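In the two complexes that follow, chain A is the common piece, with chain B as its partner first and chain C second.
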Partner chain A sequence: MEKLVSVYWFAILVLVAGGIFIMVYTFYHQPYDVRMVEARILSNNIADCVSQEGSLVVNLDSNLKKDFLTNCHLLLGDQDPEYYFEVNFYEFPNTINSVFEIIEGNKNYKADCEVQKKQGYENLPKCIEKRFYSVDNSGNQYLIKILSAVGKVKENAK
Partner chain B sequence: MVFIKNKKANILVENIIFIILNLIFLAILILFVVKQGSGAVVVEQSYAKQIALLIDSAKPGMLIKLNMEDAKELAEDNKFDFDKIVDITDNKVTVRVSEKGGYSYGFFNNVDVSVYPDANNDENYVVRIDNYN
Partner chain C sequence: MRNKSGQLSDTITWIVATIIIVVILLIFIYASSLIAGVKEIERGSKVLIFGEGDKGDINWIDMKTSFAYAIDSQSKSDIDKWISENEKYNKK
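On to the complex of A and B.
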């Protein structure tokens, strides 16, 4: 009976149970972070909206900027949106200065994306950059860069 | 001789009790881990996010079937109707497996979505993307 009642044995039990409880609690109470996937889907949707099969399907004019969200069927939220994206069109051979730019969503996220490039923080929006090439009707070649960011910190990070 | 026999029996009983207690302790721990993994909070969150991401990447005309066996089991345990597990309102997917609680996650794809249990498989849910709004 010495084994059963010994303080040593009881301490071991408490330690093991406590350790497992802490590990399990930490693991399962951490939300699933799906922001990178969401940002990638947002980028893909925007890419599909501006270019299909390598051809530009939009005219780079003021109407495109004005109705971009409606035409691309995106709903980012009216007040304090949890999303941000910018689309930059560069005409070859100049791939430094963009000829056309579309920016939508929460503009504060742009600075957060710069910070995230240097070091990843859980409590900042997750950002992803996608780039691809497209040709318009006149044969002009464009490099298109899409930066998309998803906030939703409460739902995805602790 | 009698004294030695009793002592041996004592040691055997002690060891058996010791092993049984260890096994009970281990069983409780395993049960706790399993229970946490299939808890309502985890299940609701994972399904809500899965459905929201599916809708985000879907296009009109698509019909998505999602196996929701885990949610169904939990709903049955809580005596909650399987038909009410998933709800989509104002671009938000809400999954709940009991009267209280639930988890909501938003999506950005501006589509008209309807969700309902699959008539052919009672563990599945159907997510139908009708049109762009």
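On to the complex of A and C.
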């Protein structure tokens, strides 16, 4: 009888241990979605690159567009990047037509961001828009809008 | 006869105990599957200063605007209005 009881207790032990394993696996198996944080970091880095202490530190010319990624130390990936950003500069008071625009990364994400405005989908890139104000050396006032999007659906969504 | 009924009640006790353990385990497994799900780390922390500008957070980008106002704060209200029109995206 005692033998039978010890076998029973062993079986219960295995059962409880298995149950705890399943619980932990179920809980931690789901990924952490860090795309909003990544998009925010991207926006912050871009903002830091174009404006410091309230002053515009870039010249709005074709060289800026050409070397923007290098100058801002951004690596979006060579083939099919998982990032997208768009920086629009508006010369105040004209807030409709941007005077300068920089677009980099996966351009397909722009349309996905439009969809995300209406309804949030896990399996679409996460987008974030940031706006701020800056003044250049000549005293011109600029309003800057940064839209950044991060794909990486496989790594962050189930 | 009395011995047999004693054995039977013992067996029933063990079976009921096992069933209770299994049921409790199943409840916990179900509960953990309910609270599991994609965990969205959406907001930075106060320490990392990526915050949205909530109470106590420092908003990195808003600070740039504040610095710019120190240089030229003409049309501040219009600029603030434009900034607040910031497009909001669904975060689901």
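Points to keep in mind about this one:
Going forward, the second predicted complex is superposed on the first by the 131 of 158 C-alpha atoms of A that agree within 3 Å, B and C clash if a C-alpha of one lies under 4 Å from a C-alpha of the other, contacts with A are read in each partner's own complex, and residues count from 1 in each chain.
In this text, a residue touches a chain if its C-beta (ideal position, glycine included) is under 8 Å from a C-beta of that chain, and two chains touch if they have at least 3 such contacts.
All figures in this text were calculated on a predicted structure; none of them were measured in a lab.
More residues of chain A lie in contact with C than with the other chain of the pair chain B and chain C.
Contacts of A:Tyr83 after superposition: chain B is touched, whereas chain C is not reached. In the overlay built on the shared chain, the residue A:Phe21 is in contact with chain B alone; chain C does not reach it. Once chain A of one complex is fitted onto chain A of the other, the partner contacts of A:Tyr32 extend to both chain B and chain C. Of the two partner chains placed by the overlay, only chain C lies in contact with A:Lys126; chain B stays clear of it. In the superposition on chain A, contact of A:Ser98 is made with neither chain B nor chain C. By the document's definition of touching, of the two partners only chain B reaches A:Leu42; chain C does not.
Using the contact criterion defined above for the overlaid structures, shared-chain residue A:Glu155 touches chain B, although it does not reach chain C.
Overlap of the chain B and chain C contact sets on chain A: residues 16, 24, 28-29, 31-32, 34, 37, 41, 44. Contact residues on chain A toward chain B in their complex (touch as defined above): 1, 3-4, 13, 16-17, 20-21, 24-25, 28-29, 31-32, 34, 37-38, 41-42, 44-45, 73-77, 82-83, 152, 155.
Contacts from chain C toward chain A in the complex involve residues 14, 18, 21-22, 25, 28-29, 32-33, 35-44, 50, 60-62, 64-72, 74-75, 78-79, 82-83, 85-92. Interface residues of chain B, counted against chain A in their complex, comprise 14, 17-18, 21, 25, 29, 32-33, 36-37, 39, 41-42, 45-46, 49, 53, 56-57, 91, 105-106, 108-111, 132-133.
Across the interface of their complex, chain C is touched by residues 8, 12, 15-16, 19, 22-24, 26-34, 36-37, 40-41, 43-44, 47-48, 51-55, 92-93, 95, 113, 116-122, 126-135, 139, 141, 143, 147, 156-158 of chain A.
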